[in-house]
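You will see two complexes here that share chain A, one where it goes with chain B and one where it goes with chain C.
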Partner chain A sequence: MKKIAKSNLSALFAKINETKDLYVPVKNGEQVNFAAYSEEAEVDLTALKTVKSPKDAFFPQSENLYTCFNEQGKISITPEELQDKDFVVFGMKACDIKGIEVLDKVFLSEPVDSFYAARRQHGIIVGLACDKPEESCFCTVFGINPAEPTADVAVYDDEDFLYWNALTEKGNALTETLCDLLEDADNTAVENKKKEITAIAEKLPYANLSLEGWNGDALTEKFDSPIWEELYKPCLACGTCTFSCPTCQCYDIKDYNTGNGIKRYRCWDSCMYSDFTMMAHGNNRTSQMQRFRQRFMHKLVYFPANNDGMYSCVGCGRCVDKCPQNLNIVKVIKAFEKGGKA
Partner chain B sequence: MCDCDCHKNYNLDTLIPLVGVITDIKEQTPDVKTFRVNALEGGKLFEHKPGQCAMLCAPGVSEGMFSITSSPTNKEYQEFSIKRCGQLTEYLHSLKVGDQITVRGPYGNNFPVDTELKGKNLLFIAGGIGLAPLRSVINYVIDNRQDYGTVDILYGSRSADDLVGLDEIQNVWMNTPGINVHLTIDREQEGWDGHVGFVPSYLRELEFSNDKTVLVCGPPIMIKFVLQGLQEMGFTKEQVYTTLELRMKCGVGKCGRCNIGSKYVCKDGPVFRFDEIDELPNEY
Partner chain C sequence: MQKIVERAKELLADGTVNRVLGWKKGDMCFNPEPAFFETAEDLDENFVYGGFCGANLSKYMIDASKLEGKTLVLLKPCDTYSFNQLINEHRVDREKAYIIGVGCKGKLNIETIKQSGVKGILNITENGDMLNIETLYGNTEMKYSDALLERCHVCKGKEHKIYDELIGESQDTSDRERFAEVEKIEKMSPEEKFAFFQKELSKCIRCNACRNVCPACSCRKCVFDSTKFDSSQKANTDSFEEKMFHIIRAFHVAGRCTDCGECSRVCPQGIPLHLFNRKFIKDINEFYGEYQAGADVDAKGPLTEYTFGDCEPSIVKERG
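Now for the complex of A and B:
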């Protein structure tokens, strides 16, 4: 266990940033989001949740795949370079780190997505234990401990100090480069902090949410339930839930004509949108009820069916906080538990 | 992913396409053209199995998944039969021999030509452009004739002009021993002395014995009534294969678009047996 005085954090960030790109939670107006570190950036480690999840450090909201040139009918393709430089994401929470493990199941399964894999290879995650989990949090329901971020380095914020505990080889290597700034510490403060966090997490309103009956085998029963018809109606199909979600993986592939070639890029997409599955031949999800059902069935039934029971939700609560119509996965789970509208 | 070694030559991500050149175009019907595609240096872009698909792209226009209609036993080129029905296919139809497109694949599973279909009596049922994925299997079976039993092909279209690949049907398939071709068109037409009527009703008239394994492709409404007919004739769903088609972007089960329940049509399909389809939620 190491520690550093919080007053000295900017020196730590500057040191990391000397050799690596560094992403930290940055306050911009009323919002905190992960952004590239700079001396001017207002780093904010106190915000429990960033508005957008930090998944785009590994799965960017938009990224180029290749450039295609068409010169007098001859097509040539120049693939985008893969990430080849180490970078650090500092301050990810336990839920968002688990979200990356969910994305790993998608992008690292055969055939491996090399753009994502390169970022995973070069990305170093410094996880920050949640200081005070809040009402919309329900990560513990998915077996996540907000006091134990499963990162390369776990960091704890305790009054004047930040405690630093390397957990992996990557974490050890990073710690090595920062040895001038970190000092040895004992475990007492961190152990007390963990107890505090766990005590809060246990008392959260959704801590006892039950996932009983939600698994890959429940497919037909859940799919055919009349409850979807009761639940979906307020949905505006705005897609806020999918864009703020740390596990939503759906993407679109598009071309952009730069005037000097075609850039092929991919960007986040949303299964909530009416044209998501539309093609010349037809559309298999024409109603918002079907699209609404798709999102939750994917997270709680289809994904576990394909991934040894792992859910594609980490209980970060962003959809609970952000849905303008107050629809969210908690409401869905509760409605099914009661056999009707929650 | 399928257990083939199709991707073994991929040094690049499967989202990065290869460049192909169109080396022949056959105008088969008023709205269907068959494009022959080669690698720039000649030969095929990649190996595939019957039933597999590939993403064809006109850069800056659009990209779409098409079944590979040529048989893998064809060592020289690959073919795609494409019906003009949307933005991309409209553009592809405007292309000429020598034009280049990008291709990535092959994607998806295949008809089980090396396992479940081996040694079986086969019945192919196709409607319109639905012949495209089956043609790959039919020519594979013809080239490996000794591995399969009798072959019946029931193929129908709106009119005689809409039968795709009539040349090959009459000159190759009809002249291959052990292969029976049954053609039909929807309405009477001058110069046509063959059968007239929809595919499902012709199927009932033909009174096939129900020992056959069936591969069916065509418009959803045709498939629906063909399946009904087959069941009335004593066929079980385990004997009948088809292909499904949904919107796709990535082709590798990651972009989240073409799922039916927990199955991705691009990766776990496009070939499904009807008893497998029964287990899927009704959303296709």
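Now for the complex of A and C:
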């Protein structure tokens, strides 16, 4: 166990940034999101949840795949280079780290996604234990411990110090490079902090949410339920839930016309959008009810069916906080538990 | 609230309406959701109307107008402007709506409460002019008027512009100058303006919540959803596009936007989108005379009517 005075954090960030790219939670107006570190950036480690999840660091909202260029009838194709520089994402929470495990299942299984794999190889995650879990948090329902981020380094914020505990080889290597700034510490403060977090986590309003009945075998029963018809109606079909979600992984591939060529890029897609999975023959989901159902079926039924029971929701609660009309996965789970309207 | 439920049940029972469009209790006190009710039992069990029922239900009436029979819709004073505008644009059917104008003393913004530093909210109760807030980390309080949505600080007044009947008292909650923020930006240099909007719009994640919630954005198919259009609706491929989406949207709703403020309410990134619309409203007021979209159901919009008194395009040069 190591520690560093919080007053000295900018030195730590600067040191990491000397040799690596560094992403930290940065405040812009009233919102906090992960962004590249700079001296001017207003780093905010107190915000529990960034608006967007940090999955951007491994799976950016939009990224070029290759560029085609037409010069007098001769077409050249330049593939985008893969990530080859180490980078650190500082301050990821336990739920968001679990979110990366979900993405791994998708992008690191055959055929491996080379863009994602390169970022995973070069990415070092410094996880920050949740100082003050909030009412919309329900990570514990998915077996996640907000006091134990399963990162390369687990960090704990306790009054004047950040406690630093390397957990992996990558974490040890990073710690080595920072040995001038980190000092040895005992475990007492961190153990107390963990107890504090666990005590709050037990009191969270969604702590006892039951996932009973949601599994890979529930496909037909859930899919055919009339409850979806009741639930989807207030949905605006915006992408707030999907774009703030740490596990939503659907993407679209498009061409951007550069005048004398194209940039082929991929960008996050949203099952809420009208052209989601649109193919040459048309769209296999033609109503908002079907698209709304897709989101929850994917997270709670299809994904566990294909991944040994692993849900693709991590209970971060961003959709709970951010849905403009206050719909969310918790309400869906509760509605099914209740069996729909009276 | 009980009066609304009782009246809604009467109207359902006597067959005046087939359904009720209102708000359903959330699983927390601050997250009610828009909902349709078809039975008295459902109303008794699930209906709610309170400080967090900020959602403007007018736009849901586009779809409800296509349903069998009438829909009882609950509209707050400012929502009625949106409803009028939708009638004016032939997007909703007045005959398919039974409107109860519900009282409003300003609606609360949970984001504002959280941004004041309140964490782990378990319950919020009204106590006169105050909100008692119970949290995982102790209790606190806040003035009701400090937790209002931005739009309530520039309230258009307590009058419902269209209704069949009224239930409840309303208050004019305006305590800020409507165009003050716009005037501040007008005084900036072009470079400062660019930097301001660049900073705000670069936060955009293209979730389209602003567009989808907007009662003026009622096109059946948005150009940004077209698969044949070069610009994707899902990502900002460059910094020009992130501005283009919002600027095109602002132009498209110019003269039709009632300033209902839903765009700013729903933006997950807190972009003050209402500023674009309010700038257009201010300019329209200056060039064509005072005009409030949705105030009069039969009004001709200043940008869709031509008069000899209209300003010439050269006004752009004269104004600098």
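In this text, the second predicted complex is superposed on the first by the 330 of 342 C-alpha atoms of A that agree within 3 Å, B and C clash if a C-alpha of one lies under 4 Å from a C-alpha of the other, contacts with A are read in each partner's own complex, and residues count from 1 in each chain.
As a working rule, contacts are C-beta pairs under 8 Å (C-beta built on N, C-alpha and C of every residue); 3 or more make two chains touch, one makes a residue touch a chain.
All of these numbers come straight from a predicted model, not from anything done at the bench.
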item: Chain C versus chain B on the shared chain A, clash or fit after superposition; value: fit
item: Which superposed partner A:205 touches (first chain B, second chain C, both, neither); value: second
item: First (chain B), second (chain C), both or neither touched by A:18; value: neither
item: Partner chain(s) touched by A:134 [first = chain B, second = chain C, both, neither]; value: second
item: Chain B versus chain C as contact partner of A:234, first or second or both or neither; value: second
item: Contacts of A:65 with chain B and chain C, given as first, second, both or neither; value: first
item: Touched partner set for A:84, first chain B, second chain C, both or neither; value: neither
item: Contacts of A:252 with chain B and chain C, given as first, second, both or neither; value: both
item: Touching partner for A:244 - first (chain B), second (chain C), both, neither; value: second
item: Chain B versus chain C as contact partner of A:274, first or second or both or neither; value: second
item: Smallest distance from any CA atom of chain C to any CA atom of chain B, in Å, after fitting; value: 8
item: Footprint overlap on chain A, comparing chain B with chain C; value: 252, 257, 269, 278
item: Parts of chain A lying in touch with chain B, wherever the complex brings them together; value: 65-66, 68, 70, 73-77, 79, 106-107, 109-111, 113-115, 216, 219-220, 223-224, 249-253, 255, 257, 262, 264, 266, 269, 271, 276-281, 283-285, 290, 294, 297-298, 301-303, 305-306
item: Complex contacts: residues of chain A adjacent to chain C; value: 28-31, 33, 48, 51-52, 61-62, 132-135, 200, 203-205, 233-234, 236-240, 242-244, 252, 254, 256-257, 263, 265, 267-270, 273-275, 278, 320, 322, 324-327, 330-331, 334, 341-342
item: Chain A partner contacts - residues on chain B that touch it in the complex; value: 1, 7, 10, 12-17, 19, 59-64, 85-87, 89, 98-102, 245-247, 249-250, 252-262, 281, 283-284
item: Touching residues (chain side chain C, partner chain A) in the complex; value: 26-28, 31-36, 41-42, 45-46, 55, 60, 111, 115, 119-122, 135-137, 199-200, 203, 205-209, 211-213, 221, 225, 227, 230, 232-237, 265-266, 268-270
